[in-house]
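Going by the order they are written in, the chains are A, B, C and D; count residues from 1 in each one.
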Amino acid sequence: MSAMSMSHLVEAIADLGRSYLEGPLNRSLLRNIENLCQSLREEKGEAAATAIAREVVNAFNAMRREEKLEFLEMLQNDFSPNPEAVLIAAKSYVRNGDIRSLRNLAQAVESPVQAFLRLLNMVPGGTETIIAMRNLVLEEIKNKPQLEFLDADFEHLLASWFNRGFLTFQRIDWNTPAVILEKLMQHEAVHEIKGWEDLRRRLADDRRCFAFFHPVLPNEPIIFIEVALTKGIAREIQPVLEMPPQHQKKDPADTAIFYSISNCQSGLKGIHFGSFLIKQVVDTISAELPKIKTYSTLSPIPGFRNWLEKVFLLKKSNELTEDELKILKEPLWFNSESNLEDLKGTLTKLCAQYLVNEKKNHRPRDPVARFHLGNGAEIEQINWLGDTSRRGMEQSAGLMVNYLYNTSHIVANHENYVNDGKIAVSSKIKKLLS
Amino acid sequence: MSAMSMSHLVEAIADLGRSYLEGPLNRSLLRNIENLCQSLREEKGEAAATAIAREVVNAFNAMRREEKLEFLEMLQNDFSPNPEAVLIAAKSYVRNGDIRSLRNLAQAVESPVQAFLRLLNMVPGGTETIIAMRNLVLEEIKNKPQLEFLDADFEHLLASWFNRGFLTFQRIDWNTPAVILEKLMQHEAVHEIKGWEDLRRRLADDRRCFAFFHPVLPNEPIIFIEVALTKGIAREIQPVLEMPPQHQKKDPADTAIFYSISNCQSGLKGIHFGSFLIKQVVDTISAELPKIKTYSTLSPIPGFRNWLEKVFLLKKSNELTEDELKILKEPLWFNSESNLEDLKGTLTKLCAQYLVNEKKNHRPRDPVARFHLGNGAEIEQINWLGDTSRRGMEQSAGLMVNYLYNTSHIVANHENYVNDGKIAVSSKIKKLLS
Amino acid sequence: MSAMSMSHLVEAIADLGRSYLEGPLNRSLLRNIENLCQSLREEKGEAAATAIAREVVNAFNAMRREEKLEFLEMLQNDFSPNPEAVLIAAKSYVRNGDIRSLRNLAQAVESPVQAFLRLLNMVPGGTETIIAMRNLVLEEIKNKPQLEFLDADFEHLLASWFNRGFLTFQRIDWNTPAVILEKLMQHEAVHEIKGWEDLRRRLADDRRCFAFFHPVLPNEPIIFIEVALTKGIAREIQPVLEMPPQHQKKDPADTAIFYSISNCQSGLKGIHFGSFLIKQVVDTISAELPKIKTYSTLSPIPGFRNWLEKVFLLKKSNELTEDELKILKEPLWFNSESNLEDLKGTLTKLCAQYLVNEKKNHRPRDPVARFHLGNGAEIEQINWLGDTSRRGMEQSAGLMVNYLYNTSHIVANHENYVNDGKIAVSSKIKKLLS
Amino acid sequence: MSAMSMSHLVEAIADLGRSYLEGPLNRSLLRNIENLCQSLREEKGEAAATAIAREVVNAFNAMRREEKLEFLEMLQNDFSPNPEAVLIAAKSYVRNGDIRSLRNLAQAVESPVQAFLRLLNMVPGGTETIIAMRNLVLEEIKNKPQLEFLDADFEHLLASWFNRGFLTFQRIDWNTPAVILEKLMQHEAVHEIKGWEDLRRRLADDRRCFAFFHPVLPNEPIIFIEVALTKGIAREIQPVLEMPPQHQKKDPADTAIFYSISNCQSGLKGIHFGSFLIKQVVDTISAELPKIKTYSTLSPIPGFRNWLEKVFLLKKSNELTEDELKILKEPLWFNSESNLEDLKGTLTKLCAQYLVNEKKNHRPRDPVARFHLGNGAEIEQINWLGDTSRRGMEQSAGLMVNYLYNTSHIVANHENYVNDGKIAVSSKIKKLLS
């Protein structure tokens, strides 16, 4: 494409973009964007490239969903490595096997999508747009598995850009701007925040909330964690959520309970922030509040209830009777005193088995367990009727678990887990399993 | 390496690191670091990986130069792609040519150095250390050309991380912290800043100074530019540097003169910031001072004097006499009235030829010309005795040039230059060339 | 009081203070505080004085209301000028009439309360405590008119400290910390903010909100104003409060409507911030949005309905019939079409008379009119059914008024008003009055 | 003055003001300003008042010194209380003696200068201008003692505005903006800062520097203190100023030495900040560096040398021989070994006497001693040849003194000093005195 026709094209697209909000699916615009993206690939100079990148970003954000999907398909198809060039380079490497042909091969196989995305990132709003693009890729990947390769390019780039070293760690409290606070309410994934009053309670003096941010998205938390400062390890979630703020001066807390951790950017799926966040929180609270000696989660066991039913059907366990399983189907069974004693022993034991012994690819089947054990935590105790909310009953049969972050065991636990798949448990849990 | 021996090793190295400042070149330490780096490659969990990364960063920073060089060689040797794996993947691609084998090939050829550097970046001081490592690579590359491949990995990663979209643009003035101001004095590459008083004058009300920063290095400017606000286009640098601050209210400036632009991070060589910076400066000054209508550089012609001598030796020009060339060798020839008239016409003409017609790879031979013309500027005029400093006489025979940034021509100039190698010149320059 | 007994006393009170939260009204503590305050008067050194001041501030904040009232009475009684010293100084001045005896007299009459309050202000939380003290004085002044003199000391000092030159002007929007935003909801005095969603709408892109702050109270707005950016002068408040945010790009606003202004600190009563705030808002919006050409309020007429009834009773007007007055007593009379035409002409005319001709001490009887006319605004138009909320109907009979801030008339309007009591009105209003 | 003529006058003066920079002493302008100031006194509305105040501030700042002095005289003469009104109020008080007549009297005697200055303070730059006015008053007060009364008004107001509660406490280091750092160099009053390198050393890791600021003057330190962190109490100033930064990790400091404290605003003379600053510094360092256990000054004895000569002349001491006094007149006497032993005992003893026993109004004659002892410090030791700089030799005969701030004695020392004039001394000093 010649220079003049290109700058002409930029203008034409800018014009089209302006009339975009109301128009029907605009095939000629999409063709133009494709041409534009092609010209970006060929462009040698930064000035024109960023002008084009700006148009692409604006056009994408103004598109309807079906247009965006066409755009992504175009990326997938047109911005893959040139097969002939790869073939030549591969053959050359097979023949020569030297470092120069290795380099040529490396260049030939690098997906042009990445260079394209780096260009888009240069213009205002570029990073957000790239994250939104990936979000769409992830939503569509079930229907179109071939997007897996496009997704890999997005993930590779975003993982590099959202490297821990570039994130800032910030406390969230009532002094935080409202524009950030409302994101917490939107993205809380474990225990719903029921409006501003509820949020305010979670940010009171006996609570802590921290988040990672990326400098380019100052109003968008990446991930956040909610912590309760308590006397002893909290075993039930409802009091944590509902009790009024405690006067710390009278009866100072000795324990930090991590009771919720939520990712905010679905477009960053697969990039791990959680273990860094927990580590930083432990360091920060230790420095601020030396009296806090214990760090523990209060966690759901989201796969437990499903597993229970399956276990019974498969007769893999003879510990759960048909009657007991029936009881669990009554939504408020925990209100009936007679049921409780019968079930407590059985379910607690089964839960310990589920957490410790039920595996998939040598790792615990339960996702929350997988996360905390992978971080070096250990299973401290299982809490009967720890979460009697509807969701708690449905997913975890009302049980909760404390994963303990014991700073002097974390590294060893982590290595045992990572290398040998060994799971650290307290003596209480051992007893349940024996 | 087993998990236990690894954490043992981390500790051992941490101990060694502490005694590092005074010790002799410590081969066993280097071996340990190598093992550590190997274990990083194999490590699956983040907790241990960052602990190791922290030790590597600390150890590297405590090393002596020769140790650092050994470390880099180790990186070069041990962290290159596995040749056998590449061979298998290349053959598979040649055989199948499908997208899956393409992906496998892409993974096989990606240099493990990049993954390693991304790990180092996670710990405090990581980014600085990586930049320092690359700086060393660049210093050694002349002696050891094979470092070219290691350098390519560094550059690829740093270019992605220091993408324009992640940089912040900041005005530098007398309200700027001293820790940043002293960096300007250190890194000014065009017209030396002779201490705090000189710096202060360059930050006065009739001047502007701007820089790019990266959020992870808040006290380290990446690149900065110095601008003088003047009445008309300034043709000589000494008055710009020396005249006292002008009262803007009485005789408001209509021109912004870019008289110095300097990179501060030699470890980021090859990553282009200059054109983005100039564009942002034009936008910022336009918004602040709508009376500024002209944007121009006042630039040296650093290759001119050398070229003159070569031209004469090669008899490529019959315009310069032997006598004239002799005169140029007297350091203060410009003080002698008799010389001036003889030389002015000849040198100015030759300079225009040099800037416009002397090329290398289809681009102007003069590096400063290459930079500004590549950004879309045009050659406005050549200034006789524009810089009579010692350096100005030695490099540019006292001449300076104004490159004009005419916002309505920049894109077209840029495209003509990039696509066709065409150089935009004013009518004055055209006359000199005819 | 000797030095030792004093520091002993400080400690004793600190001890008492700690046990204060639960205790009964503690007369001996009050006595001790009195002694402490006395010793503050006599104290020559700053170190001890601030230690004592700290105790007084803490003790006051821990007191119950009745104790605080006793404390204020003590201030009133014990910290007044010494009558004998004043008498001697007054006599001396009568005799000599020179500047030295004038100074002595000035010193003798200055209330020691002011020196005492300046001391309290030195310690953390001092300013808030002083404002809280004055708030209490104002609440009690109806019951105890003698507090007028104590109040005058508070007001004098606070007016000096909250001088416009010390206030900062800040925009409030969705980026503002929640701790400040909730203060807006608390203190909005004109049109209630019904929760966070309502607040958010008032801070949207087609709205502006600004406040004055004092540096020592960074989370406490002193006064704030809410502005709607509209096309033309808004005549009804309900659409302003309820319509969804307008896309400014499509149909840019040309008018700024000040629809609410609220003081937040009742302890600063009598210190005028409103006119400074409006002036600053006009300057700020003009600079940001040059397309805004008209600045107007949309204001209630809070005294109108009461006046109407009085007028009828006194038969001062023959324009309102008994029937009409009766109609106004039906809460939703404005829903009945038949009523409207009858009333519109009558009430609008009467309202114009009320605003322009009804005076008290040569100033308009209506407080909102007094405020805006005193700032140099003019009465632009009266809006029939401008506010049909319950409060709007009860206070203003549903009418609203636009006071226009015409920057080229403000100074002249202001001076005419201040010096001659003249009220600036538009030709529309003149016609209503004729 | 009528309203119209007043706004006319504002404009006229604004015009004059603009032509002010070059003009001769402009008597008619001064007359106009007087009229303006008069009209301010009579003005009831804020809008016009601030417009006038703005003109007065601008006009004053554009005046030449002699004009400013005339302006101040005008303030002194025209803005004093109305003698007749005061007389009537004084007589009424003598007659009635009630609280109402007391208040009337208080109003009659309040100097209108204060209301005038509060008005000036409302406009941008007002506070700086008022401080500059007072500075001028202080410079002139020796020539015109009657300015004492005007000065009292300034001091009263400024003391209220610069109340400790309104000051912010900030650390100064190499991250501080240059515009503030250069103020340190300007205002350092004890040990001259010899340029940016010297300054930088004083802000290194083994030093601390803190200042008070007022929010309205963010770039103007009010007072600052320089602290050296040392091992043991430093006894000589030259090593403190000259030794390179110490690695704190190897040999952590246990002592904070206050070696310089300087006021920056001569217009705030008589308002005490020093004791608050020292208290805050002790608190801040204690929190940051718990290993620092000792807080001490290293101070000059600026009146000692003068006193020595006087003592000898008056034959009040028989301890100093004529020969010894003669020696002190040789500038570099301390280089001569033979002199030293003779003098050391004599001078150290005399110095202890000077510090402890030489009084004026029951307070130590030495101003530095007066300051630190008044803050609750105690005299720890006298250091022979503690300061061999020219100034040190001339003022203090080379001696320095450590005043110790022992936190557990400060309050008692302070009270003993304030109430009984008792001076706290160490046992070493006691021995010298016995």
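Rule of thumb we're sticking to: a residue touches a chain if its C-beta (ideal position, glycine included) is under 8 Å from a C-beta of that chain, and two chains touch if they have at least 3 such contacts.
All values reported here derive from a predicted model rather than from experimental measurement.
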item: Identity of the chain that, by mean CA position, is farthest from chain B; value: C
item: Rounded Å distance between chain A and chain C, as computed from the means of their C-alpha atoms; value: 49
item: Between chain A and chain B, centroid-to-centroid distance (C-alpha), Å; value: 38
item: Euclidean distance of C-alpha centroids - chain A vs chain D, Å; value: 58
item: Sites on chain C at which at least two other chains make contact; value: none
item: Chain pairs in mutual contact under the definition given at the outset; value: A-B, A-C, B-D, C-D
item: Complex contact set, residues of chain A against chain C; value: 174-179, 181, 195-196, 200, 219
item: Residue ranges of chain B touching chain A (in the complex, touch as defined); value: 2-4, 6-7, 43-48, 50-51, 80-81, 83, 86-87, 90-91, 93-94, 97, 99, 102-103, 105-106, 109-111, 118, 121-123, 126-127, 146, 149, 152, 157, 159-161, 163-166, 168, 215-216, 272, 275-276, 279, 374-376, 410-412, 414-420
